[in-house]
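Step one of this worksheet: look at the structure below.
Should a chain be cited, it is by its letter among A, B, C and D, assigned in written order, with residues numbered from 1 in that chain.
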Amino acid sequence: MSLNEKFRTITKVKNLGLLTTIVLIIIGMAIFFPRFLSPINIEILGMGFVQEAIMALGMTLIIISAGIDLSIAGVMPFSAIMVGIFLNNNFGITVSILLALLLSALVGFVNAQMINRLKVHPFICTLATLTTLRGVNLVITKGETVTGFPPAFYFFGQGRVFGIPFPIFLFAVMAIAFTYLLKNHKYFQQVYFIGGNINSARYSGINIDRFIIFIYVLNSILAGIAGIITASQYISANTGFGIGIELRVITVVIIGGVSLSGGKGNIGGTILGILFLAIINNTFVQTGAPTYWQEVVYGSMLLIAVFLEEYIGAKREGTGVLKRWREFML
Amino acid sequence: MINYILKIEGISKRFFTNKVLDDINLKIKKGEVHAVVGENGAGKTTLMKIIGGIYTSSEGKIIFDGCKVNFSSPQEAINSGISIVHQELSLVPKLKVAQNIFSHREPVNRLGFIKWAELRYKAKQILKHIGVDIDPSTLVGDLSVGMQQIVEIAKALSQNAKIIIFDEPTSALSEKEVNLFYQVINDLKSKGVTIIFISHKLTEVFKISDKMSVLRDGKLIGTRKTKETSIEEIIKMMVGRELGNLYPDKSSHIGEKIFSVKGFSRKAKFEGIEFDLYKGEILGFAGLVGSGRTEVARSIFGAEKPESGEVILEGKKVEIKSPRDAIKNGICYLTEDRRNWGLFLEKTLRQNIIAASINKFVNKRGFLKNREIKEKAKHFIDYLNIKPADDKILILNLSGGNQQKTLLAQWLNAEPKILIADEPTRGVDVGAKAEIHKHLRKLVESGVGVIIISSELPEIIGLCDRIAVFNEGKITGILEKDATQEEIMKYATL
Amino acid sequence: AAERYAMVVFLKGSEFFNWAYKGMIDAAEMLDPSIEVELQGPSTWDAALEARAIEQLIAKGVNGVIVTAGEASALVPAINKAIDAKIPVITFDSDAPASKRLSFVGTNNYNAGYVAGKAISEWLGGKGKIGISTFPGPAHLAERVEGFTAALAEGDEIVAIVNDEGGVAVAETQLTAMLQANPDIDGIFAAHGNPGPGACAAVRNLGRQGKVEIMGFDFGMPNIELIEKGEMRGTVGQDPYLMGFMSMILAYNANHPTEITAQRPPFGHVPPLVDTGVSIIYKENIGKYMSPPKL
Amino acid sequence: MINDKAKNSSQLIMNSSSGHLSRLKEILDTREIGLLLIIFVASILLSIFSENFLTFSNLTSVAIGMNYDVLLALGMTLVLLSKGIDLSVGSILGLTGIITTMLLQAGVSILFAVILGLLSGTFLGFINGIFIAKFRINPFIVTLGMMAIARGLSVILTSGYFVSNLPEGYLIIGQGKFLGIPNPTYVMILFVILFDYLLRKWGPFYKAFYIGTNPDAAELSGINVSSIILAGYVISGFLSGLAAIFMTSRLAMGYAQFGLGAELKAICAAIIGGASMGGGEGSIVGAFLGVMLLAIINNGFVLLNLSIYWQGVINGLILVIAVTVDAIRRARKGKSRV
């Protein structure tokens, strides 16, 4: 195999730019800051972004379907607050969690109905629910924090399974399941048809409305789960949770190679995206670099990673100059 | 009693205030091949979409297999055994051929997981059955329009339907694939499958149909047994009068060389392409699906980079790096894929007509000259008989043929020196087609160089003064005007 | 190795916390020049993000954490985790009372609000019609408003509360509208550092200079300048520099126990509460605030 | 034969354009009119419930509040039009404000500082545009990166301090009035009219509609797609810079947090006003009305002394109503998804 061919084979790997960036950071950090790879730091690194990670699973499906869901940033605190209120009213842990998730699912259902019925872009539908929900959270709590949960509830945010923190364990299980389902399950595959060509999906007999309901409800439930984990992790629930989290979640999904125009992407890329975000964040704390620089470095790394990705991607795809406009737009 | 599988009774359809189908009554026997013909915008596609559950009719009823049906979604129609090959390609470009063929009907195990090996195998079988060799794992987006059309046919076949509706399935196919398609039809017929077939290629319709129905302006003009009618009668029913010559006279005098292409190559796509174009002639590109005609045209136009080669226009070498350069030099390319690469579906007819020539419709300071634009739009609407004649209508709501006419108007409006037209009459009705041919001939007489890429051999032979035949990325022969179909096919399949 | 202390704030890049951080730096320098300090915190107000910063610092193995709690309850697990890992945690400015933190240094927010309320009531002769600019969410703001309300006299009345979304520009719009709707308002209380300049702009918009008394919060430069120009009557001065300074000393103490056993072994001696006081800053005493420390 | 067919189609022409009446109907059927109607109804309700609503000074104060959002929404409309998005407008506003005020503090003359400030906003937009239009990197990511970088730089430059003590002459730009109406309002209205006119009538801008609808077909039609996309981001950067000048001058300070969250507001207004996330649609007047609607609702909140806790809920519901009204209008016109 010639060197050129070798290069071409290597560049076939998806997310190569991102992967390279991540590996380089890890190597650099491991050399200069040995604590970076300590088990406790790795655990904290994981725990720090586990909420985003869980939500990113659902968001991956949504964005592949050429949709978007901003409302998760409202659902996450909403679910945390609701579970707290239910717990405080002695509904019992199971019932409280189920009720909170049910309410979260309801939000997803409303989103989907607006998208289906009004035929308005999901961005605006879910922005409306986000704004409304943030308001609802305030109205419910009057800005006060909900506290006083029973210790048994702490498990969901702080407990361990096989020595691994429960949230990370839960995420790992879900990530594996989602990866497998998205790749191989007939029902989940519909997402690629809907995002790839909605007319084709319709003519193939896919029930688009029902599927939209499915993914938006699923996404909301995941945000609800993240909210419950947050409530348990911080033993409190507050309207201030999850401000700006929607952008972080969307970012990791897009960094991971899912295109906003839909039809393309997978869970693996999203997980890399999460890793990227978590590592950059942790790097700053570890190095003690002036925190003011964090945003600048984060933004630059983002551009570099995506630039590399596109650059290598362009090599991979050959000369189809024109092929590319639509792919890289919204 | 005769066994009618499909009875259409009093179907009407209105889009807002516009009535496009008016009290259609049609009976189709089990196992027959029933052709539906008519001018562009007559309502053929709309009628089929109603049968297939994509639109709901405003009035009337459909009786399928003895029961009254009222499909509210394509899913229901597919499940009861009605499949459609759509006029506008409807595949997912980012997915593989096999996934597209079996979209939503993938072989799965009990838990709903897709059996990939079986999926690939079945896809392969179906493609083999049609007689083409496409790897089921290639992405549909990487296929040419013609190949995509075949995938679309494969998709319909895989649905094991009782009725298959083909809405202009052959408009993007060349002779060889069309023949394969005839075999598929015969095969289906022998299995008792009913076929409804829409086409503007009347010879083809006569070759394969048992009966034909003619639509005009949303009304059913009549149904004839194919054996008992003639092309002339059908055309008369379609357009309301007789049509003269289908092709204009060929050029009497060929002038000097105005355009040539030398040594055009791109790895794995085409190699050593060379040809000249003379004043006053129409040059045709013939070839099988995927023979590289489109690629060459796109490369000349600057939409893709060739690895080597030069373009000489009126004796001067021109540097073309992008379509912009090409258009500035007067070289225009009318794409074969109007939906993805040509038209602006969500924009109005008027906006589409000026798309490639906005700079011609602005004053010195760059402001649009709206009155002129309006007049120009009206001119083309009349000239090409685009229906409905409303320059504010969204292209999305036009029939396929009228969309194609819009695309043509878009490029005629750019006033090219050299026009490379890739399947310019795809989906256009016979009458309009003859008009377009006449116009192209007039264009040539006024000094414009015209290259026609067409998969329809009669069109190539009838229209072109010389024919370059493509075969696997090379020009295997340049034939003079009196070439026969057999000759062309010989070079095309060397 | 050198000891390392970290300050965690809920919104980095604010003048107030710069004062505090400067206090921390100076105290560290005084205690032991080899001590290293760092500043951490999110760029948006999100309690969860602050907790993450603390947890990461634990993993990094700092010797002490000084934190201002953007949200009292959400930080409890993270703070407790640090204490359990024998890392002293001192809260400043905003407390997390339910946690195991060793000490709180600062002004009680209720008290700060109370002082402001007393002052403005006095300015307006106990018959004030008052508008408040704040935003819903953070607990410390709610406490300030509560304290403020409690301090008002019988005759005072809170006529309107507007949501400034935490920003200056929005505060201007909202307060202008508020003054429109309630022409009788003669006092505005800016419940946090930002809306003060917005309030002055609103008064300027309607040409009500001199008819509306404005009480700002904290001594950011714009507030100080406005007081100097006379557009703002006074502002609530906490002492962030002292907060940072004291917190550092306490954290250091906690890390260096003496022979006399302290209340919370294994940590050294620290008082559970240090009040750094609060006062209203007027034109007469703005001098020392005119030159904020450069970092 | 053409004559023959012309007869057929002339009927259709008659139907579709029977004179001025249909023109009027067409205009009445636009989204702008729908928005105006909602605004009108809201205004009537407000003036019934609060006598302060319809006063000159209140309306000017609403206009002042709209100023920054309108400028950003204009830029956003242009960017959305070409199938893009600009998440960095808020932080470009922040950074430009910092740069301008710091220059002033350093003794640079007012004119120069303003010019340099505007240039720096434009330049940041240019960087966005280069990445998007030339390197073809997803606009969401590029502008998200820029959002972080610009905000970070503002904080670094000021280390969190306010930039204050600005020369009086500078403050006039934003605080000065002419005929009782603040200067920025004139500029805002000027820009709305100018851009609206250009977008409807001017070739280079008009091409953006094509790009957004089908960028590939636009390229094949000889439209200089990348230059026009680039121009959109440059203009958006410039307008963010202009908003920064007004904001810093009105409030007499520069602050790193200026413009926080402004991007979502701008997107929201642009979309309410007729822009579409899918590109190819947008209206400047629409965006202006979108901002106006949100501003009036907020104004109403304060005038009516409603609880601040309900504000979010009502804002969200207003959005839903605006979207629903428009969905109904679109359904009648046979357009597909926004």
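One rule holds for everything that comes next: contacts are C-beta pairs under 8 Å (C-beta built on N, C-alpha and C of every residue); 3 or more make two chains touch, one makes a residue touch a chain.
Every value quoted in this text rests on a predicted model; they were computed, and no experiment measured them.
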So which chain is the furthest away from chain B, centre to centre on CA atoms?
-> C
Dist(centroid_CA(chain A), centroid_CA(chain C)) in Å evaluates to 34
Geometric centre distance via CA averages, chain D-chain C, whole Å | 35
Centroid distance [mean C-alpha coordinates] between chain D and chain B, Å = 42
Just how far, in Å, is the C-alpha centre of chain B from the one of chain A?
-> 43
For chain D, which residues are shared contacts with two or more other chains?
-> 151-152, 155, 159-160, 214, 216, 219-220, 309, 311, 336
Any chance you could list the residues of chain C touching two or more other chains?
-> 12-13, 43-44, 136
Listing for chain B: what residues touch at least two other chains?
-> 303
Touching pairs of chains, which are they?
-> A-B, A-C, A-D, B-D, C-D
Quick one: in the complex, what on chain A touches chain C?
-> 35, 38, 40-41, 43-45, 47-48, 51, 138, 142-145, 147, 157-158, 230, 233-236, 238-245, 281-282, 284-286, 288, 290-292, 294-295
Would you tell me which residues of chain C are touching chain A in their complex?
-> 4, 12-13, 36, 38-41, 43-48, 51-53, 55-61, 70-78, 98, 136-139, 142
Within the complex, chain C is touched by chain D residues 50, 52, 55, 57-58, 60-62, 64-65, 68, 151-152, 155, 158-162, 164-165, 175, 182, 247, 250-253, 255-258, 260-261, 295, 298-299, 301-305, 308-309, 311
Chain A residues within the chain D interface of the complex = 114, 117-121, 123-125, 127-136, 138-139, 142-143, 247, 250-251, 254-255, 259-260, 292-300, 302-303, 306-307, 310-311, 322-326, 328-330
Where on chain D does chain A make contact in their complex?
-> 83-85, 87, 131-132, 135-142, 144-153, 155-156, 159-160, 214-216, 219-220, 225, 264, 267-268, 271-272, 276-279, 309-317, 319-320, 323-324, 326-327, 330-331, 336-338
